[in-house]
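Just so it is clear, A, B, C and D label the chains in written order, and each chain counts residues from 1 on its own.
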Amino acid sequence: MITDHSTQAGPLFELRGISKSFPGVRALDDVSFEIHPGEVHMLLGENGAGKSTLMKVLCGAYTADAGEFAHRGEPVHIDGPADARRYGIAVIFQEFTLVPYLNIAQNIFLGREFKSGFPGWVDAAGMHREARRILDQLGLALDTRTMVADLGVAHQQMVEIAKALSQQAKILVLDEPTAALSDRETERLFAMIAKLKADGVAMVYISHRMAEVFELGDRITVLRDGRKIATRMPGETAPAELVSLMVGRKVDMSYARSERPPAGPRVLDVRNVHTNSGLVDVSLNVRAGEIVGLAGLVGSGRTEVARAIFGADRVTSGTVEVFGKVQRGDPAKARALGVALIPEGRKTQGLALIRSVADNLLLAGLHKHFGKRWFSPRHGLAIARSLIERLRVVTPGPLQRVGLLSGGNQQKVVIGKWLNAESKLFLFDEPTRGIDVGAKAEIFALLDQLVRGGAAVLMISSELPEIIAVCDRTYVMREGRVAGELARAQMTEQSILTLGMHDA
Amino acid sequence: MHDAVTAAPAPNFLERLQRAGSAGGAAIVLLVLFAVFALAGRNFLTPGNLVNIAMQSTILLLLALPMTLIILTEGLDLSMGAVLTLCNVVLALVAVKTGALAPALAAALAVGLAFGLLNGTLVAALRIPPFVATLGTLGVAQGLALVVTDGQSVVGIPDAVQQMNSGLWFGLLPPPIAIAALAYLAMHLLLYQTRFGAYVFALGGNREALTLAGIHARGNLIAVYVLGGLMAGLAALLLTARINAGHPTAAIGMEFDAIAAVAVGGTSFERGKGWLLGTVLGVLAVGVLRNGLNLMSVPSSVQVSAIGVLVIVALLIDAFRGDRR
Amino acid sequence: MTAASLDLNRGPLAHLSQGTRSVVYRLLAMALIAAAMSFASEAFLTSNNLLNVLRQASLLFLLASGLTLVILTAGLDLSVGANVALSACLAATVIKGTGSVALGVAAGLGAGSLVGLANGLLVTLLRIPPFIATYGMLWILHGVTYWFMKGETIHGFPPAFRAVGSGYWLGVPIPVYVMLLFLAAGIVFAQRTTWGQEIYAIGANPEAARLSGVPVRRRLVLVYVASGAMAGLASLIFLARLNSAEGDIGETLTLPAIAAVLIGGTSLFGGVGSMLGTLVGAVILTLVLNFMNLLTINANWQPLVTGVIVVLAVFLDNLTRKGDSR
Amino acid sequence: MKTLQTMTLTLAALAALAAAGVARADNERLAVFTKNQTNPYFQAVRLGTEAASRQMKATVTHYVPTKPDSIPEQMSQIEDVIVKKPDAIVFIPVDYKAMAPGVQKINTAKIPVVNVTDRSEVGAFVSFVGASDYDLGKETARALFKAMGGKGNVIGIEGVKGSLTNIDRQRGMRDALKDFPNIKLLASQPGNYQRLQALQVMENLMQSYPQIDGVFAANDAMASGAIEAMEAANRKALVVGINGTKEAIDAINAGKMLATGDYNGFLQGCLGTMAALRSLRGQPVPKEIVLPAAVIDKANAARHAVPVEQRSCPRWEDAVKG
């Protein structure tokens, strides 16, 4: 099925006709895939397209229902992580596989501890030495005795990468590795990838960022609905084609924005806010009928601004005024004032995964629909059905457990929860993270609809093109402060980056 | 971020202590209790009394040590007191029958092993929540202890067993203290120096990481519960020697004391956060409190409440210190 | 994935929600147990005996119903038994001292609720894990009770009060009505109020609930107060039934109450469970002990049998909850 | 830091509060061990020791396990008390067999000790003061069987299996049964000396046995439980218990209960304390003082109606003959 364009030596590893089903879902359907030494093979697809399942099959976490593997042309079996490791397969997962109360060295070598003379005993000194060497390669000056629990997210991601590197992998799988990294760290990672490539390591790289796809990729494979749709060379394709392959139809990448009426009165006024979470003298405002961006590097304090407005973090000085009223309470009070927070962590902060779609949709708006006390399941279901329809949530029904939906549909449920609460000020924190292109477009359309209806939106995003396309103006954060404000006409990737970078 | 990549300072010892399990609560409580009792009671700070406290704490310590490991895996073992009781009864019965220590201890350890395996299998293989599984085996062990003795004490324990409670080992330590110290040492090394120890932290902190690293998580989890059962068997030796009998309700409820001691010692129920030495402090805090209050002739009802206050205050101190992070 | 799983998503119960199905299974199990028992003992399947079982189950249920709410939020209340003891002793003292049943009832309910409030504040404001907070509370309550009672017994209450524990109305013991009343109240509270919905949500994901504007702390305090109040209520029924109060009343009730909740299908991880399930759990537990009494089986076997039932119930639950990693 | 200080202070205050409760006396100091804080019987014993020590100008300190009847805990308390070296000890073992090492420790420390209520299997005692459970069981049962007219069905509700009191009381009852061939013991189930358990056992047994004429409960709390169960079911039977608690005497006066064996914890406490003090003061003490088995029924209930708190100990010479 695959025509071999690039390599002379033949593939290092092949998957042939892999299928994998879960109850009710066919996650992978006859997927074939090959990896050559010294190449970066980009893997693209919407959420739920089967990328993660494919990776888990490859690393032995799942066992395939059908299909076979070949290593250097020899048929092999992969029946667990140990088998995968034998063929030099290592994975950097999106969700961290670190143990919080073990130190960096212990984490890097978890399951591969250095043996010492005494059975069961580990050679701790040796592990620290080797860990030091790997961290140095990555330019990380962390003490290898530091507990992982004490590291920030970016550092944890770097440790995760160090862990994969330490396995001297022949095949390295990276699942959205830059999602939590700063630009500087991303640069360092890319340099590392280049070096590994030169050493002949084969890499499978999953990404949602088009820029990365074209910067790093030697070959690009698109998955959709558990099937392989196409494999392209970067020189022979363009982003628009890849996107249409992913969604199965043509999508306009520009999120074209309709002209909106001029913004109304100020509904959010943040003045000189300081918090324990690291905000310093933050002032900003949002008016009714406008979408205001909040840009900045990861860790610059964007999420903290949203949490402070919503009352999730304590404001130590300064004021937050919502609809003319000072908000100094908790999320319950913010909700009562009409504020909505669509948090960054959909699964951990946004949804009760074991509860139904309806339960989740209703949670924030209970007081609106049912008064103070009485709840009616039948009325609740009716409300949920209409929200599902309005947001086009793909679900077998309102009683489906929300944890079983795809990422984009889960995000719609989170948003629906707040529509139901009749909120007037929406704080979106990375609303499109981990969401496929089709769903992104739908969400932006929804934002547009919201502000047209008189609501106000503050949107945090790491995707500068999104900010530029969607927002009326944007604030840029740097080190817990507002570094500047850009009007619509001033917003370019260059101007935002300049404000957000430290050395500017 | 620019400076995000620069070095985080290497943790100093104190910070490491604090991180290891907030650590503060138990240590502070223990110090305060020591100071108060030393000032208030004439007999408290005598070598004899300190040995007393140590002796009284040994059995609980033997339960609390493996309990720490179990809690580190985000587990719980409610059956430990009942299993200890059953082991006590079995050890006594076998000792009376054979007149020797070795077969009796072997029988107790075998019973402990069996219950450890049962707990581990229920939790790890059948995926029954630890609280439920061990609540069930609590009933089973307690029932068996009553059934095999028909509610009666077992007496006539041979001297070989009783000697475990008298004399000095190495010319220095009474055997129970020596055994407890060795048990602590072994557990410490096991937890901090071996792969198994790292896996214990991983079982609670991030079980999937362990599986993805190709480690048999279930097997290690079962091993943790087996360790608990075996330690209950060993504790049965000390208990039998101490009361010179087997009794079908001798240690009922002691699992809660052990859990409380672990919590007082700063081990958290979540994410594999904990500190083994803290558990020792927690056990000693309870022991010192009871002993000190007895020496001061405090009414028993006040003693009962004082234990509750101790547990809550120790946790409060940790909670407030935790805030500062 | 579970080690083994039955495909119960097909078949006649497929259209029911997970929660309803799990209660239906339990009712079936209960009927089966009862049927099996009626073969073994003639005395078992008499209306007298069944009412008797229900009356005995009522106490357990009252305690377990409050606990159910607590466990739904992924919490725990180990102090319920000790709370019963203290509340009963206070209520008894007030009744004897003032001669007023109303004041005594107020004292019992008030004391129980206050203890619940203390638990709730320890758990929410001071952020002590529920297991430890309520375990510490257990000791404190025992100490206070011992100090207060000084080993005495208070006995002999007005007949009108005692009727609540031992009387009949239309041939059915009054505690059974109390149980049914609070079952209904519990179901309405859990299923038909916004607070109930929020409590389930808190159990399923406290952070998501908080960020949805649910006042999590207040709801948590509420469930602990509810648990305390139910302990207070149970203490009154207890008092009326035993016609006396002593310091060790209720000491042995906590673990059976927790067992009833667990047998009833409420998950310790929160967010899953029901009041009706807890009732069935309490009845199953009582049935078995009643049956052992009827056959005069050695009581030494009781803890063992209870333990096996708890594990079995949760294990079967795991089998029927397909693909649920919890 | 502030909170920390507060909590440190709380702890210190707790300990100080405790210190305030310490009794000081220049006379003999006695340590009294009882089994638990909940059973009225042991409270009666404690009151007896206090009354006696007041009369004889000594002080007592009580040691009660925080967990009822805990063997390891009483063992620890003995060790703690030995550190304090009281002049003498009045001792009720939580288990008559399993406390042997504790008694040996007391003996090794050469502290004179009087054994009360449960006769310890091992150890050297100044004296044993107790009632005969066997005789009490037998006499109380006899009173029941006689009142039943020598025929009918009886239910037994037993105490904690393996406890000395229960073993002997059951033995006494069964021996009494031998003299009444027309009385049938339908069933005997444990209620563990607990009211609620006895109540439920009774409720359940009433389902199996439509005709119950008498109930022999091994203590008064269980007897009360049985009475409550029968009243609720509108059934009646003659009920006896053992211990002679105030509750039982009230019930006898009210006609609900037939009789109770007088275990007389107060007197046991008195005599135990007196024996200890007498021996310290060089006065003679018999090796064994066994109270005669007395059954309290309606005829003699008035004599026993004085609340324990208001009783005073009899003179030694009146109580101890020979």
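Rule of thumb we're sticking to: a residue touches a chain if its C-beta (ideal position, glycine included) is under 8 Å from a C-beta of that chain, and two chains touch if they have at least 3 such contacts.
Not measured: the values here are computed from a predicted model.
S.K.: Looking at B-D and C-D, which one has the bigger number of contacting C-beta pairs?
M.R.: By the number of C-beta pairs in contact, the winner is B-D.
S.K.: Return the distance between the CA-based centres of chain B and chain D, expressed in whole Å.
M.R.: Once rounded, the distance between the two centres reads 34 Å.
S.K.: Rounded to a whole Å, what is the gap between the Cα centroids of chain A and chain D?
M.R.: 70
S.K.: Distance from the CA centroid of chain C to that of chain D, rounded to the nearest Å?
M.R.: Distance between chain centres, rounded to whole Å: 33 Å.
S.K.: How many Å are there between the centre of chain A and the centre of chain C, using C-alpha atoms for each centre?
M.R.: 43
S.K.: Any chance you could list the residues of chain A touching two or more other chains?
M.R.: Not one residue in chain A touches at least two other chains.
S.K.: Name the residues of chain C that each touch 2 or more other chains.
M.R.: Residues 139, 142-143, 146, 300 of chain C each touch two or more of the other chains.
S.K.: Multi-chain contacts only, two chains or more: what residues does chain D have there?
M.R.: If we look for residues of chain D contacting two or more partner chains, we find 37, 66, 161.
S.K.: Chain adjacency by touch: line, ring, star, complete or other shape?
M.R.: other
S.K.: How do the chains pair up in terms of touching? List each pair.
M.R.: By the stated definition, chains touch in these pairs: A-B, A-C, B-C, B-D, C-D.
S.K.: Within the complex, which stretch of chain C touches chain D?
M.R.: 41, 43-44, 46, 48-49, 52, 55-56, 139, 142-143, 146, 149-153, 155-156, 165-167, 173, 238, 241-244, 246-249, 251-252, 289-290, 293-294, 296, 299-300
S.K.: Using the touch rule from the top, collect the residues of chain A that touch chain B in their complex.
M.R.: Interface residues on chain A, with respect to chain B: 59-61, 80-82, 85, 91, 93, 96-102, 106, 110-113, 120-122, 124, 139-143, 145-147, 149-152, 154-155, 182, 184-185, 188, 297-300, 479, 502-503.
S.K.: Under the definition above, what is the set of chain A residues touching chain C in their complex?
M.R.: These residues of chain A touch chain C: 22-23, 310, 312, 330-332, 334-336, 341, 343, 348-355, 359, 362-364, 366-367, 370-377, 399, 417, 421.
S.K.: Where on chain B is chain D touching in the complex?
M.R.: 28-29, 32-33, 36-37, 40, 43, 46, 48-49, 52, 55-56, 59, 146, 149-153, 155, 162, 165, 239, 242-245, 247-251, 253-254, 290-304, 306-307, 309-310, 313, 316-317, 320-321
S.K.: Write out the stretch or stretches of chain D touching chain B in their complex.
M.R.: So the residues of chain D in touch with chain B come to 3-4, 7-8, 10-12, 14-19, 21-23, 37, 61-67, 69, 71-73, 75-77, 79-81, 83-84, 95, 97-101, 121, 160-162.
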